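Structures incoming, each one as structure tokens.
After this come two complexes, each holding chain A, first together with chain B and then together with chain C.
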Partner chain A sequence: MSSQTLLVALAGQPNCGKSTVFNMLTGARQHVANYPGVTVEKKVGHFRTDSRRVELVDLPGTYSLSSYSLEERVARDFILHDRPDVIVDVMDASNLKRNLYLALQLLEMEATVVLDLNMMDVAERRGISVDHAGLSKHLGVPVVPTVGKAGVGGKDLKRILDEEAEKPNKASYKIDYGTMEPFIQKMQDQVVSAMQLPETYPHRWVALKLLENDAEVLRLATEDPKSSETLTRDIEQLRKDFQEETGTPAERHIAFARHRSCAAICRDYMKLPEQKRASLSDRADKFVCNRFFGPLLLIAILFVLYEVSIVFGGWLAVKVWPVWGAVEAFAAKVLPQAGFLEDPLLRGLGVWVVKSTTAILNYLPIFFLLFALIAILEDSGYMPRMAFILDRLFRRFGLHGQSTLPLILGGVYVGGCAIPGVMATKAIPDERARLATILIVPMMNCLAKVPLYLILIGAYFPEHGGLAMFFIATVTLFMALPVAKTLSLTVLGKRESAPFIMEMPPYHLPTVTGVLRRAFERIWLFLKKIVTVVVAVAVVIFVLINFPGLSEKREASYQAQQEAVVGKFMKVVDKTSYKGELLPADVPEIVLFADRLKNAKRGLTDKSAAAAVNKSFEQANPIYYAVVKRKGADGKKLNKAFKKVVKTRKKLRREMRAERFESSFLGVLGRALEPVTKYAGFNWRINIALLSAFAAKENSAATLGSIYGIDGSGSVQESMKAGETGFTALHALALMLFMALYPPCVPTSIMVRMQSGSNKWMLFSILYQTLLGLGVAVLVFSGGKMLGLSGLQAMWGFYGLCVAATVIMALIPDRSAQKADIGKTCKQNC
Partner chain B sequence: MKKLMILTLTLAALAFAATAFAHSPLCDCFDNGDGTVTCEGGFSDGSSATGVKMYVKDGAGKVLQEGAMNADSEYNFKKPEGSYSVFFDAGEGHQVTVNGSDIVE
Partner chain C sequence: MTLDELTPGTGGVMKDLTAEGALGQRLMDLGFYPGATIKIVRNAPLVDPIELELDGYHVSIRHDEARHVEVE
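Coming up: the complex of A and B.
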């Protein structure tokens, strides 16, 4: 055992307050990764005791340590292979019996265990008292009472860890399996001793696992082809003998024996309140989980969640914007100066990257509120109830009750964002439902899809705007649910769908520090993950939309236009007293001077402050200042000409940008795709807009705007209508549906990669959504055209189709044999 | 199925009430010193505000002038006498009001 760094694992059942203990011990010093090869999150933190440095690894919350679910396997493998110096088992003191079930299994693994009797406050409030000294003596391991939420007991825990490290104290507690004991002994003698086991595997435990028919341990027994056959036979024989002798299958006997031990320990060391009333939580649950009030309350809570995070958060985002604006301004200042027509590469790239980042940082207030509210829902204990209410419905589609939150965040009704949505899938305990949810969250109507909807609806469904918005807002769910079911029956069919226990923890009052800590923790993770990714992606997109660039001929033509406008300005200069003082080379300088002056005054509302800025610029260059600010008769004359220069510069730059974009790699791709996309009604211009939307959905509307070369006369809608003759409501409908199903934007794709833990799923998610989107668009466009439907008819026809698909899919039974037991064990008071 | 119905109807109700916040609207105005004011519009994600409706109102809220952001995402107007405000209207939830007294030269 190293006297330097102590490896400590934190185990515990779900809802035992494990993460509060983790935070209590480590503070904010932690980082999150995935356990190798799986999507289970691995949280690691560090802290110091009096004499050592401790590395604390948070194991997944599991009820047991079978090899049934992924989480359980991950936790078990970590204990067996990484052999932590100490395992701290966090137990909910108010649910001792259930929590002991895991504790006893840890003890059976002969690990050095410290029991953390957490949530003592809840136990006390419910009148439960635990004799922790007696418990400690009985089990032969230290027992430390704590209240993780309030930081009580952290010091004791650290001290005990130090002590345990000094005198390693292997657990020696044995559960008495009664009539099975002779079989355990035989198994050890005949089989376990013949197995090539890593030395970290305790023999009695292996014997028990073989009797339990544990798949993983069984595999170990059959690894060696020489002995595999005999061992398998021996194991089977022992299991059979036991069942014949006692009439009970071995695995059931083991589980019963464990439960009996838990109950016996509770009887001896725990006192329940005299009068066993329904606790407050039970009484509240009568309403919260009620068939009628439950959904009503759920809707009310979701509504508040939406109002606070999206509506109020949106307002807050506007208030915070000046901060990000200042970051942009600062970047613009320190990067190399802009040119008249073209900017230096470093500037173009730098500004683009900063802009891409601030565009995401802008959402920070929304995310912060969202994370804080979710933390409240989690800490209060409402989350599992929400899952319970919706589970029956979602199960029919291969999803899980806890898919609700990700879908809402993703924008189940208009207005969400897939990034936090995908991120929230982490909470789903069922591997198959989690992947299914990850794959359909991007289909929801995120905020960024809305501008395109608005443009198209405004242009092509002006009389039925409300209906069209209703259509697109709700049809997405009817497309997503059948897709989820299809996915879970096909590609996800082999994934694990562990039978899970939905358990209603008692309600807690969330603490302000707890909620804030969690919100900040997630914001910080979000920032680290997303911002770094966005920077990398922004660079790639920049290249794709700017290169190969304009031909020399086009460059020369723009150059000539620039010289022409500068020449005009110089003609005016010649008529003023500045003749000879202002040269053609000064013109770009004046433009930049004017820009700098404008930026310096951006956001200023105070007259004297503005005057001070003006003065400093006047001192810096009185001639430029006169031109820009119309000082004197010459200044007035020149200012008029100067304005024309500025306007022409903007126009030329805009045209160049559009031209560069159309001839860029992305633009070329848009044209190349036209032969395929024409069946969906998309021409190359729309293809380009859609391709640029992959970088971030917002781009689509802006790109359409720039492609249709709008001048101030009309809206994007009008110019699009004018620019695309022959474009009908059917085209618009196909485009809207494609946008709804469109592949997740780049940041979301990255998030999909992070949550699913594989590039394969990310690529799959991009690919299947593109194909699905294209398929639906072709169906609606080509199908509608063939049947001679109007846009509105096609819209409702398609809606009916989706609803029918949803109903049919709901009725198809899940083929995978073991239907998940939805065992709702409400908390047992031991 | 009944639950699905309830869910759909609720979502529908919310969809009607939903306001769309794709990004934060931005509008900065500058007094040009020649009796005109220029407002620059845009959105936090860098998209242009071209085509966005603009209104200039007097102190009582009466609309004096109206127009739209041009291709450069700018709107120029003659500065009215007395107090006024500028209203940038990109749809519900995307509106900005700039007070005339905050627009400095």
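Coming up: the complex of A and C.
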């Protein structure tokens, strides 16, 4: 008996029920991370067999082990470099032939393989029977039938793992490659033996991969500059010789031979039913993929998704808010006390960081619902159908049928969130389309952009509010689509574009535990990655908007105003019986006392509880209490004066904040940018508001509010209109369009980095959107001014321009499609 | 004839593959090989791509990819 941990890898093709087997074996003891350096998810779980501790690593689901896709490379590298003790290959028993294709490749890698014949229930239902004992004998490895979903066969699997750990099988199954065998031998003798290979690389497998022209193994062969040239020549020669002798390219011969072996094995060990009847999935697809019902159902599903996650989720977020409000209140309580005019640094910073975090946490209910709904869509098998229905439309713009979901989540109409949108791009199998989608999702209208739209529309398009809202809600898509096409033709042109071909698996009924598990997993991942960074960025922004701070002269001026108002209060005190008991130093204390009392009673609906709070405060300081609660004749007199103090304090604090803001690093930057941004119609005040929005877009409205100084009386739109004379609807339009194209906020940028796997793409997405937004704003503002257009005319002129750009971009053919054409003409000419 | 020329409801047995590189590999990995039975199930609502049944499971493929599969 060994006490060492057994490393087991779980391999399998997509849709073979691999995750159900993973859950059956590990239960709740699992965690998700990424494979180093790539965006592929790596699930690791632990469990015990009778005598061992097992670490189970879930490999990405792949049809094959070539080096064409990232997932396949990841799976292959794990097998070759991490050398798992055992590989469990999960196979869909109802789809044995295709699943054997991967199994045979694993056997060729000469690893210790256990075959898990999963989904036996489905096979049985379809009348398919598999002779697993015969199969095991033929292949020389254990075969274990299971039903992962129902937890059947888990014990057997664990027992077999123990046996394999004691006495590992060395798979010796060899596919007969017929006419290629001499070439394989030659490749092994001439090339493989001359290569400096890690000992985990089986020689016959390397020879086969070289004949297949596998890019990764080829790179290994040409690593050594001394032998690189000869080896490359030898490999090329052997491939050429084979093709000349047989008339088939080597890689095709290899794949075909493997498939023929799979077919032969199935003929011997699998029985199909006499008569195949249409499965439930086939019948369902008649409607789901129908020319008329299909798109309708798709729209209905997307509508429900939007309603549940964004609308209902938004409602839920409001209901959950008191929790985050309590966190904020708690932070405000434990941090150092507020001052009369200025708060201690630690308090200012602490409150700012907590508020930045709760602003994101506020979206948690929306995210959770979204993740759960996406898990349902994924598990049910609807995703490929969605791609099937919409592929043709999106392909014209360099996107993929599965770009729909990320765009909807990002807010194709109004009100989404780019974070889950970018997160959902994970499902897109085409690298180029995936990146294009990641780059345009932040251009959708997320919830946080809406307040600014509302302010601007309310102030400058009051008569055409509905139209203006429709404009900004729909124009974003007509801007994003041409941009996507442009990106995929230019910067993304060299990225891998995968063929579309995909499996349309049978429908599955998602399980509650499966869906919840996935939703929690993703929420957890989100919290871990995002919240830490948001905290760090909040600190940086805090410094940028608060420092260097006010000049001594201005500080003194505010100080004088404070003293003046306190003096007025003291004059009233002198007329009461509290004369001599209340000193000027008490005034700030009373203000804080009143705040504390208000906070203590917040949310209390019960009268007796409120009375108890009142009583305890009265006991703590009867004089303060009298002033705050207007107790007695003196209390009433003083309360009137006290209210004036509170109001002045509020005003002074707001003015100081605005002034600090304007003279801060960010404010200086806003002014410095004015010479450029004036062509877009933005003055330095707008610049500051826009700069502050980078942390979170909600800030733009809040910042405008504090710049223009709102204090309950009058809305931001009114004070903005009053504060910005000479501001026209054209200015507002340019600003709205800039906001629509605004670079992704910090949490979204982090998500972009995660999903694209590089800082480079994150920076690119920030930079190109800034420049694009500025370009569009300049075009609309300066262009509109030159032509003498009104805001409304410029709006529809620009709309027409975008629609035209979309149509033109749709008609430009993709380069990869052209390549395929060249291939065909070449074939015809040959 | 090539796969993209078939209409929904018809089918055939795969004869050869003319795609190279990633497309060829992907086709082969998903189970396209000489001798496989293929039946066209339906067109997408916008005509392209097509859904087909390949040896008992369903695969969707674009017309310009299907061109590289020869059937009889």
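Quick note on the criterion: the second predicted complex is superposed on the first by the 743 of 830 C-alpha atoms of A that agree within 3 Å, B and C clash if a C-alpha of one lies under 4 Å from a C-alpha of the other, contacts with A are read in each partner's own complex, and residues count from 1 in each chain.
Following the convention adopted for this analysis, a residue touches a chain if its C-beta (ideal position, glycine included) is under 8 Å from a C-beta of that chain, and two chains touch if they have at least 3 such contacts.
Predicted, not measured: the structure shown is a model, and the values here were computed from it.
**Student:** According to the stated criteria, A:629 is in contact with first (chain B), second (chain C), both, or neither; which is it?
**Tutor:** The first partner, chain B, only.
**Student:** Going by the contact rule set out at the top, does A:393 touch chain B (first), chain C (second), both, or neither?
**Tutor:** Both partners.
**Student:** For A:259, is the partner it touches chain B (first), chain C (second), both, or none of the two (neither)?
**Tutor:** second
**Student:** Name the chain, either chain B or chain C, that contacts more residues of chain A.
**Tutor:** Result: the larger residue contact count on chain A belongs to B.
**Student:** A:579 in the overlay: touching chain B, chain C, both, or neither? Say first, second, both or neither.
**Tutor:** In the superposed model, A:579 contacts neither chain B nor chain C.
**Student:** Check whether A:651 is in contact with chain B, with chain C, with both or with neither, and answer first, second, both or neither.
**Tutor:** A:651 contacts chain B only, not chain C.
**Student:** Per the contact definition in the header, classify A:303: touching chain B only (first), chain C only (second), both, or neither.
**Tutor:** In the superposition, A:303 touches chain B alone.
**Student:** Could you say whether A:101 touches chain B, chain C, both of them, or neither, answering first, second, both or neither?
**Tutor:** Once the two structures are laid over each other on A, A:101 reaches chain C alone.
**Student:** Looking at the overlay, does A:295 come into contact with chain B only (first), chain C only (second), both, or neither?
**Tutor:** It touches chain B and chain C both.
**Student:** Under the contact definition given at the top, report the residues of chain A touching chain B in one complex and chain C in the other.
**Tutor:** The answer is residues 295, 390, 392-393 of chain A.
**Student:** So in the complex, the part of chain A that touches chain B is made up of which residues?
**Tutor:** 295, 299, 303, 306, 310-311, 314, 317-318, 321, 324-325, 355-356, 358-359, 362, 390, 392-393, 412-415, 447-448, 450-451, 454, 466, 469-470, 473-474, 477, 598, 601-607, 609-611, 614, 629-630, 636, 639, 647, 650-651, 654, 696, 698-699, 701-702, 705-706, 709-716, 719, 806-807, 810
**Student:** Under the touch definition given earlier, write down the residues of chain C that touch chain A in their complex.
**Tutor:** Counting only chain C, the residues touching chain A are 17-20, 22-31, 33-36, 41-49, 51, 55-62, 64-65, 67.
**Student:** If we count contacts the way the header does, which residues on chain B are in touch with chain A in the complex?
**Tutor:** 1, 3-4, 6-8, 10-12, 14-16, 18-26, 28, 30, 32-34, 43-48, 50-51, 67-72, 91, 93, 96, 101-105
**Student:** Spell out the residues on chain A that touch chain C in their complex, using ranges where they run on.
**Tutor:** 63-64, 66, 68, 95, 97-98, 101, 249, 251-252, 255-256, 259-260, 263, 276, 281-282, 285, 289-292, 294-295, 384, 387-393, 395, 496, 498-506, 817, 820, 823-824, 827
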